[in-house]
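Structure incoming, see below.
The first chain written gets the first letter, and so on, giving A, B, C and D; residue counts start at 1 in each chain.
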Amino acid sequence: MASKKGKTRRRKKVKVAINGYGTIGKRVADAVNLQKDMSVVGVTKTKPDFEAKMAVKKGYKLYAAIEERAELFDKAGIKIEGTIDDLIEKADVVIDCSPSKVGAENKEKYVKAGVKAIFQGGEKESVAEVSFNALSCYDKAIGKDYVRVVSCNTTGLTRVLYLIKENFGIKKVRATMIRRVVDPKEDKKGLVNGIMPNPIALPSHHGPDVKTVLDVDITTVAFKVPTTLMHVHSINVVPEEVPSRDDVIEVLKSEPRILLLSEKDGFTSTAKIVEWAREVRMRYDLYENCVWEESISIVDGEIYLTQAIHQEAIVVPENVDAIRAMFELKSRDESMKITNESLGIGSL
Amino acid sequence: MASKKGKTRRRKKVKVAINGYGTIGKRVADAVNLQKDMSVVGVTKTKPDFEAKMAVKKGYKLYAAIEERAELFDKAGIKIEGTIDDLIEKADVVIDCSPSKVGAENKEKYVKAGVKAIFQGGEKESVAEVSFNALSCYDKAIGKDYVRVVSCNTTGLTRVLYLIKENFGIKKVRATMIRRVVDPKEDKKGLVNGIMPNPIALPSHHGPDVKTVLDVDITTVAFKVPTTLMHVHSINVVPEEVPSRDDVIEVLKSEPRILLLSEKDGFTSTAKIVEWAREVRMRYDLYENCVWEESISIVDGEIYLTQAIHQEAIVVPENVDAIRAMFELKSRDESMKITNESLGIGSL
Amino acid sequence: MASKKGKTRRRKKVKVAINGYGTIGKRVADAVNLQKDMSVVGVTKTKPDFEAKMAVKKGYKLYAAIEERAELFDKAGIKIEGTIDDLIEKADVVIDCSPSKVGAENKEKYVKAGVKAIFQGGEKESVAEVSFNALSCYDKAIGKDYVRVVSCNTTGLTRVLYLIKENFGIKKVRATMIRRVVDPKEDKKGLVNGIMPNPIALPSHHGPDVKTVLDVDITTVAFKVPTTLMHVHSINVVPEEVPSRDDVIEVLKSEPRILLLSEKDGFTSTAKIVEWAREVRMRYDLYENCVWEESISIVDGEIYLTQAIHQEAIVVPENVDAIRAMFELKSRDESMKITNESLGIGSL
Amino acid sequence: MASKKGKTRRRKKVKVAINGYGTIGKRVADAVNLQKDMSVVGVTKTKPDFEAKMAVKKGYKLYAAIEERAELFDKAGIKIEGTIDDLIEKADVVIDCSPSKVGAENKEKYVKAGVKAIFQGGEKESVAEVSFNALSCYDKAIGKDYVRVVSCNTTGLTRVLYLIKENFGIKKVRATMIRRVVDPKEDKKGLVNGIMPNPIALPSHHGPDVKTVLDVDITTVAFKVPTTLMHVHSINVVPEEVPSRDDVIEVLKSEPRILLLSEKDGFTSTAKIVEWAREVRMRYDLYENCVWEESISIVDGEIYLTQAIHQEAIVVPENVDAIRAMFELKSRDESMKITNESLGIGSL
């Protein structure tokens, strides 16, 4: 490991590069930008589109993610500071927000440059030293060089299951995930009319993925459906000790990264949740699990609940916390508190 | 009970009236029409649209479902034979295919006229003497006057669970239903972009509804998603005796009302299933549960499987069988065999 | 007309009530709230849902839109200040943002109370003294008591056509409107899979509606399609004098309420426009016509262009300007300038 | 040109190969199979999926479209007769139903083998000697070796415009096409929520494409919307002589390949048209333009009308007629009559 990753960094701001200023990258950039102990040294884009222009407008230094495409930015009249290699030179850590599998291909660059890196959940577990969820396993990432923040679905499951496990114990979890087929900005891919088991052979990979960040017996099934807004999880938990419904509500309410929403307030679907979110956060970003309060039930000693997960936003605070763990800046509770306050988590 | 419902009817064709020639009614009419031991004496419509014209074109005698609207048919140049009251007079049994809750309102007419009646699953259990699924409880309907054929979702669940129960025993069932939000012909209602827990408070009514036709411990959860083609069920069963995956496949394959479809053949979604069905049945009617073969799994001693249910068609054979039970025409196995052969079930 | 509507009002802030704090109402409330010469004295809701809570949270005084439902708010623990009648007492003008047709029913209340009122485009032309679009006919509304701000589609058409007419003259306009079927928050209505001519008999009402605010020969056709984000207009204009493509671009660029967006920047669909808008405005509100720059063409002496219209937001600045006209606060250009600056129009 | 394409063929059945048994290919195969003067000698598939199995089940001889993939069929237990090269040897004409652009790549094979070929509208005009629409230019294809049947949208436009031109003359046509984004069987591509101008730069290629089969002044604009069922065309025609609305209706009614559907019968959207079609044709194939009768209007001397086009089926009869023209089997009117009768066109 190169000497660049060092000891005195804790007092200076951690220099963060975002490789891939897209759906996740642009959100993580804004979130990092709000932290006092870190700064965004630059972001990359593969092409000079409106997202690239937005990055510049927001004051981020822009770099070409792919060297050969650098001239496209010139032609489009967008100033870039260099290419990804130049950016890596300036960074203490790269948050790789490339499309799935591309992160793994990029890793070599990071290793060569002796820079730490955070990967997203589209990459395999083996891309990093540890997989990460702030609540469930912050400490595992302390001082690490390569960390993988688990996917939106895994993050959503893990938060809720961690709280249930800590409080009531868990014998077994069964979860069915009903996934938005593409993000809102996508206009070429999709499933227009139909339901797609994804995968068809059971169980899905989400169960094993949860196990990378939480020790729990879990089996999952997943489907894609023609919507863009949010994923929905139908969760069944067999607890060690059977809580009352109120016990579960109390536990979930205690965690700022979980929101309880009520049908009584008109939250009848993910469409309504987003309608509300449009009033409270730019880009209607919901960093929190949205659990329907009425869905929380105890049936024959098992816990049932339904939650909606904003796939574009939920991993954003986890990326910020991962940086703090990797640079040993703060403890789990301190980091989560700072991240929450900066993003407005806990104050809706 | 009036004398009309009687004993000698077995040798003559049972005279069947369809009250409500819509999505279910038109399919049941065609299915009844294919049986040698019954005949369609007439169908009703509330308005003179293309479905009414189609009924006439197919040779069904048309009646106004609502007396005051009879003149609309005249104005539209569609000949009707009278109103629902006239039709009831000619029938041995009315299959009520009205929208949910309207069937219950109609019941008084049937009772008054001393005619037997079959209701659909949108009605409450209490509308009839017994709830009906051919496989699981044919005999309960023998000789009965008022029978309720359970809904598409309940029918789909019951067929699979009956087979598993008979062969391996069932300790517990958990099922998540991902429902098409409206039928394909609907152009005013819907959910265009979103996922709707339906209901939000858990569990859903489908579990108790299954119990009206099969004695099994079951908890269900349901969602509406923006598609029109088919429902999809994600089913988890804790069996009394743990079968092998092959055992489950063999049991399901043995029942003609269940089809095993394979991802290897390109069945990656309900869109693909319907594409195939368009080649094999008019209206792409799938009377069979469509179980993805690769989804059948044994995980920690529990059975998992995923099935697609064609909500427009699956209850059609059950309505035919219900008639035979009510008029004591045939045993379960005889009736199902005749119905299957007439509809092409078992020969795809 | 009661004495309440008077002369000295120009120095004091105009007191504005919003009757119907829904999709349009909540946006108009926020816009009015940003003006120095007006203030929101209260808003109404029919039920105590998350929008009602949001109104309170934002500091608006909340009133029950329907007297009999006032107690529902109490039960839900939401404080209201009274009912719509109480609110009218406090207002100089009511902006009626009720669902279509309800505005006309409400008018009697406003007349009785001697308060001015603005209606939305879902109401018939006859509900008000004049129909209103800021660019095309601000002066017609000066000093008026009842004004109707035309609909989102009519506003979008009028802005573009006014500019073309002023600069090149118009012989004839033909427009095809492809409408989002429901707003994003709707989860019960819709068209899930299909295209609906709306109306089927041609031409559509939009042409005559444009004529209420701009003297132009126009014929329109409209369709509903299964999307929630924006309407799209395909416009063909036969000009008096044929401009060059650059002339048209220049004219449209000169108007702040029109944005030219380029395919080169990645704006390939309404999905991409909304993705961008999520970064620049709360609720991704686009008050501007979004015209695709590449679509602007001169073919055989006729102008073609394609624009996207954010149905939730586009009439918001028009409502603000209508107030200024009705209370004779400012000239057209002054009012539009103030409104634009307050809403960020012209600075994206 | 090889001697294979000859003179005596008229008495024997024309041997037709279908290269690409997909959405169009499978429909053309079934249609050719219904003709007395032609026979299907084989069909090709690129992979052994349910469509391949269906081809075999229907009795078509199956060949591998791509030589290297032949073994995949063996592995899947599907018997093939050889590869595309073997099939070409047996054919008088190949109907190339490959995806867009692949047809042009295949042409070399056909030329080399000295076999005639029909291409679909996804190919460029230059792929063939002539472009083809039965009504408008049957005679141009007589005796030709390479013919291109124009696309579904062009076919739909051409039929209607040919009839209007023949009867009333045409000065100018303006058409807006609202296109289904993907076919029903597609489950990976799409546009889930949005409207996409396609293309953005105007006008679209459909106008020039119509001109390959009909001499008319036409400008077109096109959009993709999230539906799978049918395209919809909004058409404006400036005629030489202004007809009455009834004149237009009469002319359209006289052509069997055009259906007039009425809102009065409940045809309020493409969803309703398909609901009806499911009762009258396998695969709900509508070979006819579906014109909404109420949409036909004369406004200021211009004709307006709206039609729905079933993109999967409308070119099927044209492919059959193209064969007859190329082999000089029948005149236009004779061929169209035979094709229509075999497919049930004109008898709905």
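Here is the rule we go by: a contact is a pair of C-beta atoms (placed from the backbone, for glycine too) under 8 Å apart; a residue touches a chain by one contact, two chains touch by 3 or more.
Quick caveat: nothing in here was measured; it's all calculated off a predicted structure.
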| item | value |
| --- | --- |
| Chains contacting each of chain A and chain B, listed by label | C, D |
| Chain located farthest away, centre of chain C as origin (C-alpha) | B |
| Mean-CA-position distance for chain D and chain C (Å) | 43 |
| Gap in Å, rounded to a whole number, between the CA centres of chain C and chain A | 37 |
| Euclidean distance of C-alpha centroids - chain A vs chain D, Å | 47 |
| Shared-contact residues (touching 2 or more other chains) in chain A | 184, 186-187, 191-194, 196, 226-228, 268-269, 271-272, 274 |
| Residues on chain C engaged by chain B in the complex (per definition of touch) | 181-182, 184, 186-194, 196, 226-228 |
| Contact footprint of chain C on chain D as seen in their complex | 172, 174, 176, 178, 180, 191, 193-197, 200-203, 217, 219, 221, 223-230, 232, 234, 236, 263, 268-272, 274, 292, 294-297, 299-300, 302, 304-306, 308 |
| Footprint of chain B on chain D - complex, ascending | 26, 47, 49-51, 53-54, 76, 184-187, 192-193, 228, 264-269, 271-272, 274-276, 278-279, 282-284 |
